[in-house]
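Same chain, two partners: chain A is paired with chain B first, then with chain C.
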Partner chain A sequence: MNYNNFIIPFCLGASLLLIIIIYKFAKWLSKLDKKQKYFVKRNFFSKKSIAAINEVFREALIHRNIYRKNPLLGYMHMSLAFGWFLLIVVGKIEASFYAGSFFEEPWLAIFFKFFAREQANFWVANFFSFTMDLLLLIVLSGLALAIIKRLKSKILGIKKATKHVIYDKIALTALWLIFPLRLLAESSTAALVQNGSFLTGGIGELFSLQFAQNVELPLYWAYSSVLFVFFVSLPFSRYMHIPSEVVLIFLRKWGAKAGEQYSGLSDFEINSCSRCGICIDACQLSFSANINNVQSVYFIRDTRYKKLNDNIANNCLMCGRCTEACPVGLELTLIRQQLRTKTEIAGKHYYDYCENKNNKNKTDIIYFAGCMTQLTPNIIIAMKNIFSAAKVKYWFMDEDKGICCGRPMRQQGFVQQSKDLISKNTKLISKSGAKLLICSCPICYKSFKEEYSLDIEIMHHSEYIKMLIDENKIKLNKSELNIVFHDPCELGRGLNIYKPPRQVLSKIGKIIDTEFSEKDSLCCGGSLANTVIELETQLEIRNKALEILTKSKPDILATACPLCKKSFTHAYKGKVMDIAEIVSKFLYLQNNSKKQEIKEKEIFSILK
Partner chain B sequence: MKNKSVIIIGAGVAGIEAANNIAENGYNVTLIEKENLLGGNLKNYAKLFPDFYEAGEVKNNLINKLNSENINVYNNNEITELFFENNKWQAVNSQNQKFLADAALLTTGFTVFDAKRKEELGYGIYDNVITSLEFENMYKTGKITTKQGNIPERIAFLNCVGSRDEKVGNHYCSRVCCINAVKQASEFKEIYPDSQAYCFYMDMRMAGQFYEELYRKSQEKHNVIYIRGRISEAAATLDNKIQIKSEDTLSGLPLKMTVDLLVLMVGIEASIGTNQLASQNEINGEYGFAKSKGLYGNDNITNKKGLFLAGTCKRPLTIPETIADAKAAANQIIKYLNQI
Partner chain C sequence: MKNWGFKISQARIIDLDKANTKMFEDLCLKVPSAKRCIMCGGCSATCTASNHTNFNFRNCNLMFRRGQFEGLAEELDKCMLCGKCKLVCPRGVNTRAIIYNMRIILNKMNYKNIEL
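Moving on, here comes the complex of A and B:
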C-alpha cells in the first residue's frame, strides 16, 4: 500500500471537513420552509438539476459573473477555483491510471509524485506530469494575484477590501501555503527520482540531491498539515462559500424562493457570501457618507457569527445597489428585511381609524396616491388632470387620506402591523370590483405587487401614462427641454421598470444620460428604511447624488417617486418634477385653442 | 479728512439708518438699493409688533432723513460684486458700473422662505393658502378675504414655515414669526370678532418686551386658540376650503380641521445679495448669512478690513434691534474712517 505517516493530517482534515459540512447542510436543509421543500422534492430529478450543474460549472468554477464585472479579479478566482478543481480531477485520473484501479487510496492523488516514484517514463505519464505542472502554474498565478490584491487592492479595481475575521486569516494563510508547499515538495521528489515535468522538474534541478533528500519528507508533512488547517478552518471561515454556493445554485434552479421569513435558504445565502467586498464599493453610505462597517458583507458576516446588532441591521437605505452588484446574486436587501422582523415586540396598534374606512364605490380603475404623494399634492393634481384629459373614470381611493400600504412598517420589521394594513386595504380594493390599480408612489407599488395577493392589474403611473399615450388617449406637446430622469430605487431595481418613464419623457423632451442610471441609479437619500443615520448623513447622500444627476444642468430633473422629488426639491435650485407633473404640463388639449394657448404659456414658464 | 466715503449696500432699515448716522458726521455716503423703492422688507408690513406702530411711519421717518447732501442714493442698482482693490472698496452693479469708497457696509438683509418648498402645505397650489406677507398686504388694503371674496370664518396661522426645520436645512429660529402671528391673529380678530383664529406652534417664543402681554391679550380678549403642533399636510376641499392635518401634541391626539384661510408664517433666510457678497469676501457664515468677527463688541466688523455689517444680513432681527445695530455699525465705521 502507498502509505506514509504524513498523510494523516490530510485524511483527518478532509474527514472532519466532510462531517461538518454534512452536518451544516442537513441542518439548513431541514430549515427550508414548506414551499421551498416542495420545490426541492418536485424538481430533484428533473432537467433543472442538469441546468444547476451547468451553472455550478460556470459560476462556482469559472466565475463568469465576477469575470464580467472585473476580468482580472475573474481570472484570479477562476485560476484558483477551476485550476484547483482540475488539479483534483486530473490528479485523480492520473492516480487511478497509475494504480490500475478506480478505487486506489484516496490520498494517492494528493501526494501522487511521492508515491509514484518508480513510474515508467512513457508518454502517458509524461502527459499527466506536464498537465499537472501546468495546472499548478495556473493556480500559482492566481495565488500571486490574490497576494497582490491583499497588499494593493486598487490594482485589481477594488477601492475598499473587506476586513476579515480571524478564521478567515487562518484559512487564508493555509490556502496561500498549500500550493507553494506542494510545488516545493513535488520538486524535491522530482529532484530525487526525475518524475517531474517542466515546473517541478525544472525547480527540482536546482536542488542538490542531498538537499532534496533532507527536505522531501518535511515538505510533504508541511503540505499535508496546511491542508489540514485549511480543511478544518474552512467551515468557519468565508471559504464556506465554496460548498454553500453549490447547494444554493441547486436550490435556486429547483425553484426555491426566499420569502419574508428567514429560512434555510437564507442560511445557504448567508454562507455563500465570499466576502469579496464588491458591495462596499456599491454602497452610497460608503462613498457618500464614509460609513464603512454596515455594508452587506459585514451585515452577512455578523449574522453568520451571531453578532448582528440593530445598529448594523437598521443602518441601510435598502436601495438595492448591493444586491445588484453582488456577483453571487445574494438577495441582500431581502435578507436584511427578514432579519429586521420584530416578532418579540407586539407593538401598539394605531389603526382604529381603518375601521371607519368604507367603500361604496364600484369602479374599474382605482387611483391610490399613497401617503408620500399626499405630501406632494402637485403630483395628485397632475394625475387628476391626466385622468380628465384621457376621460377616464376612476375612484381616488385615498382622496380623503387612506390607509398606508404597509411597506414602511414592513421595512422596519413590524410584520403584524403591516399585515393589518394590508388586509384592510385588500378588503376595500376587492369590494370595489376594480380591474386596475394605479399607484403614484413606487413604495406602495412594490407593496401592492409583492406583499398583497390582489387579483387585479397593478401599475405605476409612469406605466399607466405610457399606456394612455400608446392608446392615443392623451397627446403630448414636444419641446426642446433637456430632461434627466432619476430612477427611484423601488421602481427601478425594485420592480425593473426602467423603460416606461423614459418612453413617456422622450415624447416631451430630450433625455440626458447620467453616470449612474437604471440598475446603477443612486438613492436620493430620503429612504424610509434607514432608521440609524442622522439627517445630516442623509443630506450628504442626497447632495452627492444630486451633484452627479445634475452635472449636465438639465432643464428638469424628473423622477417618478414623491420621496425622491421631496429629497431633491430641498437642495436643487432648478426644477424637480414628477413624471406626472411634466406630462400634465405638456398635455395637448384638443378642440380648445384657448386652453392650448394657456398651456403654451405654462410651458414657457417652465423653460424660464 | 471729511471727503472720506463709505458704500452702503441695501437701503432697508439698517442701510438707511446707518447712512443717516454716518452722513451726520460729515462723511460721504453712497447708498445703493436694488429695488426702485427704499425701505427694504419694511415696505411689506402694515403695522409692527408689539405696539401696532405704523410701519409706513417708521419707513418715512427713516427716508426723510436722507436729505443730507452727503448722501447719494442709487436705486435700481443691484450690486453683484464687492471687493477691495487699490486701497478702495469697490462695488460693481449688474451694468458693470463701479462705486468706490474707503469702507463698505453690507446691509443686504433677508428674504422670506419660499413656502413652495414645503409642497405638503399647498402654497402655490391651493388658492387659500397664503404667506404672512400676503396677509400683511391684505391687511393694508383692508380686505382680508378668501380668494373667492368671502370673509374667512376660520383662519389658521402656522408658525415655523422654513424655520427650525431640519428637512429644509434651516435649523435656526427666525425669532419674529411667533410674535408676528400673535399680531396678525389679533388684527384679524379686531376686524372679524365673530370669526375664529387658530395658531399652530412648536413653542411660542415671546422673548421681547410686551410680547407676552400681547400673547395673553390675544387669548383673553380675542380668544385666539393656540394649538401646539405642526401642520403635516394641507389640502383643498371641493368648496375651496383648506383641510389641515396636524397633531395636538399636548393632548397627544391627531387633529383634522377645515379652515377658510391658512396663513404660513414664513421664516427669515439670508437674501441672495447677502449670500453672494458675503461668500465673495469669505465672510459667509451659517445658512448663507454674513459672519461678523465676533458677537461681543465685534459684531459690526468682519475679518476684512473696512468691510462692515449691520442688520439682518447677519441673522434674524426685529426692527428696533436692526436700528440699534445700524447705529452701532455707523459708530464703528466713523471710527475707522477717522483712523485711515
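Moving on, here comes the complex of A and C:
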C-alpha cells in the first residue's frame, strides 16, 4: 500500500471539509421556502440540470463573466480555479492509470510523485508528467497575478481592494502556499528519482542529492499541513463561495427565486460572495462620497459573521449598480431589503385615519402621480396637457388626499405598514374598474408592478407617451435641441425600461450618449433608501453625477423621475426637465394656429 | 361647587431639568442635522399624512426633544415615510431619518432574528 504518515493532515482536513459543507448545505436547503422547494423538486430531473452543469463549467471554472469585465482578472481566476480543477482530474486519471484500478487510495493522486518513484520511461507516463507540470505552471502564473493584485491592485484595474477578515487571511495564506510547496516537494522527489518533467525536473536538477534527501519528507509534510489549514478554514472564509456558488447556480437554473423574505436561497447567495470587491468600485458612495465600509461586499460579510449593524444596513442608495456589476450575479439590493425587515405586530392597521373615499368615478385609465411628483407640479401640468391633447379621459387618483404607494416603507423594512398602504390603494383601484394605471414616479411604478397584485396594465408615463405617439394620438415638433437622458435607477436597472424614453426623446431632439448610461447609469443622490447620509453627502453624489452627465453641455438634461429632476434642477445652469414636460412643450397642436405660434415662441425660449 | 362650565386648567409644566433628553442626544448621534430644525413647519405643510390627520413632524420632534414620549410612538406610526418633508426642508434636516430613528428607538424595534 502507498502510505506515509504525512497524508494524515490532508485526509483529516478533507473529511472535515466534507462534513462541514454537507451540514451547512443541508441546513440551508431545509430553509428554502415552499415555492423554492417546489421548483427544486419539479426540475431536479430535467434538462435544466444539464444546463446548470454547463453554467457551472462556464462560470465557476472558466469565470466567463469576470473575463468579460477584466481579461487579466479573468485569467487569474481561471488559472487558479480551472487549473486546480484540471490538476485534480488529470492527477486522478494519472494515479488510476498507475495503480491499474479506478479505486486506488484517494491520496495517491495528491502525492503521486512521492509514491510513483519509478522513472517515467514510456510515452503515456511522460505525457501525464508533462501535462501535470504544465498545469502547475498555469496555476502558479495565476498565483503570481494574485500576489501582484494584493500588493498593487491598480495594475489589475481594481481601484480599491477588499479589506479582509482574519479567517480570509489564514485561508489566503494557506492557498498561496499550497502550490509553491507542491512544486518544491515534487522537485525534491524529481531530484532523487528523476520522475519529473520540464518544471519539477528542471528545478530538481538545481537540488543536490543530499539536500533533496533532507528536505523531501519535511516538504511533503508542509504541503499536506497547508492543505489541512486551507480545507479547515475554507467553510469559515470567503472561499466558501466555491462550493456555494455551484449549488446556487443549480438552484437558479431550477427556477428558485428570492422573494421578499429571507430564505435558504439568500443563505446560498450570501455565502457565494467571493469578496472580489468589484462592487466597491461600482458604488457611488465610494467614489463620490468616500464612504468605504458599507458596500455590498462588507454588508454581506457582516451578515455572514452576524455582525451587521444599523449603520451598514441602512447606508445604501439601493441604486442597484453593485447588483449590475456583481460577477456572481447576486441580488445584493434585494438581500439588503430582506435583512432590513423589522419585527412588527402582524395584522395591525396603521392608516385607518385615511378617508375612505367613496369613489364613484368609473374610468378606464387612472393617473397616479405619486408623492414626489406632487412636489414637481410642472410634471402634473404637463401630463394633464398631454392627456387633453390626446383626448383621453382619466381619473387623477391622488390629486387630493392621495396616499403613498408603500415602497418607502417596504425599503426601510416596515412590511406590515407597507401592506396596509397597498391594501388601501388596491381597494381604490379595483373599485374604479380601470384597465390601465399610469404612474409618473418610477418608485411607485416599481411598487405597483412588483408588490401589488393588480390584474390591470401598469405603465410609466414615458411608456404611455410612446404608446400615444405610436397610435398617432399626439404629434410632436422636431427641433435641433441636444438632449442627454438620465436613466432613473428604479426605471432602468429596476425595471429594465431603457428604450421607450429614448424613442420619445429622439422624436424631439438629438440624444447625446454619456459615459454612464443605461445599465451603468448613475444615481442622482436623492434616493429615499438611505437614511444614514446627510444632505451634504447627497449633494456630493449629485454633483459628481451631474458633472459626468453634462460634460457635453446639452440644452436639456432629461429624466423620467421627479426625484432625479428635483435633485438636479438647482445645480444645473441649463434646463432639467422631465420627459412629460418636454413632450408637453413640443406638442404639435392641429387646427389652432394661434396656440401653435405661442408654442413655437416657448420652444424658442428653451433654445435660448 | 357651582359648575360654571369653566374650570382652571392644570399647570402644564415641562421641567427640563428632569426631562429625559438622553434619547434626543442619541438621536443626534445618528442624525446630526436634527439640531438644525427651526420649526418652520414646511414639512407639515407638504406632509401626505398631515393632509388626512393632525400628524405633525414639528410636534413629534419637539416632544421627543423634551422627553415627552407619551403617545409619541402611536403618533409616529401615522407617517408613511414618503420623504416629501425632507425635500422641502430649508435647513436640510434629514426629517425622514429622524422619524425612522425615533420609531426604532421608541418601539425598541430590531431586525428580525435571522439564523444564518
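The definition used in the following text is that the second predicted complex is superposed on the first by the 595 of 608 C-alpha atoms of A that agree within 3 Å, B and C clash if a C-alpha of one lies under 4 Å from a C-alpha of the other, contacts with A are read in each partner's own complex, and residues count from 1 in each chain.
Here is the rule we go by: a residue touches a chain if its C-beta (ideal position, glycine included) is under 8 Å from a C-beta of that chain, and two chains touch if they have at least 3 such contacts.
Quick caveat, the model's predicted, so the values are computed rather than measured.
Superimposing the complexes on chain A yields a three-chain arrangement in which chain B and chain C clash. In the superposed model, A:L535 lies in contact with both chain B and chain C.
Judged by the touch definition given at the top, the superposed model places A:L17 against neither chain B nor chain C. The partner that reaches more residues of chain A, of the two candidates chain B and chain C, is C. Once the two complexes are laid over each other on the shared chain, residue contacts for A:V504 go to neither chain B nor chain C. Of the two partner chains, neither chain B nor chain C is touched by A:L334. In the superposition on chain A, A:T569 makes contact with chain B only, not with chain C. In the superposition on chain A, A:Q374 contacts both chain B and chain C.
Using the contact criterion defined above for the overlaid structures, shared-chain residue A:G413 touches chain C, although it does not reach chain B.
Once the two complexes are overlaid on the shared chain, A:K401 sits against chain B and chain C alike. Clashing C-alpha atoms between chain B and chain C appear in just one of the listed stretches 25-33, 61-69, 187-195 or 223-231, and that stretch is 223-231. According to the touch criterion, the shared surface of chain A, contacted by chain B in one complex and chain C in the other, consists of residues 374-375, 401, 535, 566. Residue ranges of chain C in contact with chain A, taken from their complex: 30-33, 46, 48, 51-53, 77-78, 80-84, 87-88, 92, 94, 96-97, 100-101, 104, 109-112, 114, 116. Considering their complex, residues 262, 267, 270, 303-304, 306, 308, 310, 313, 339-344, 350-351, 353-355, 371-372, 374-375, 400-404, 406, 408-409, 412-414, 417, 421, 526, 528, 531-532, 534-536, 566 of chain A touch chain C. In the complex of the two chains, the chain A residues touching chain B come out as 374-378, 381, 401, 535, 539, 566, 569-571.
Chain B makes touch with chain A in their complex at residues 117, 119-120, 122, 125-126, 166-169, 232-233, 235, 245.
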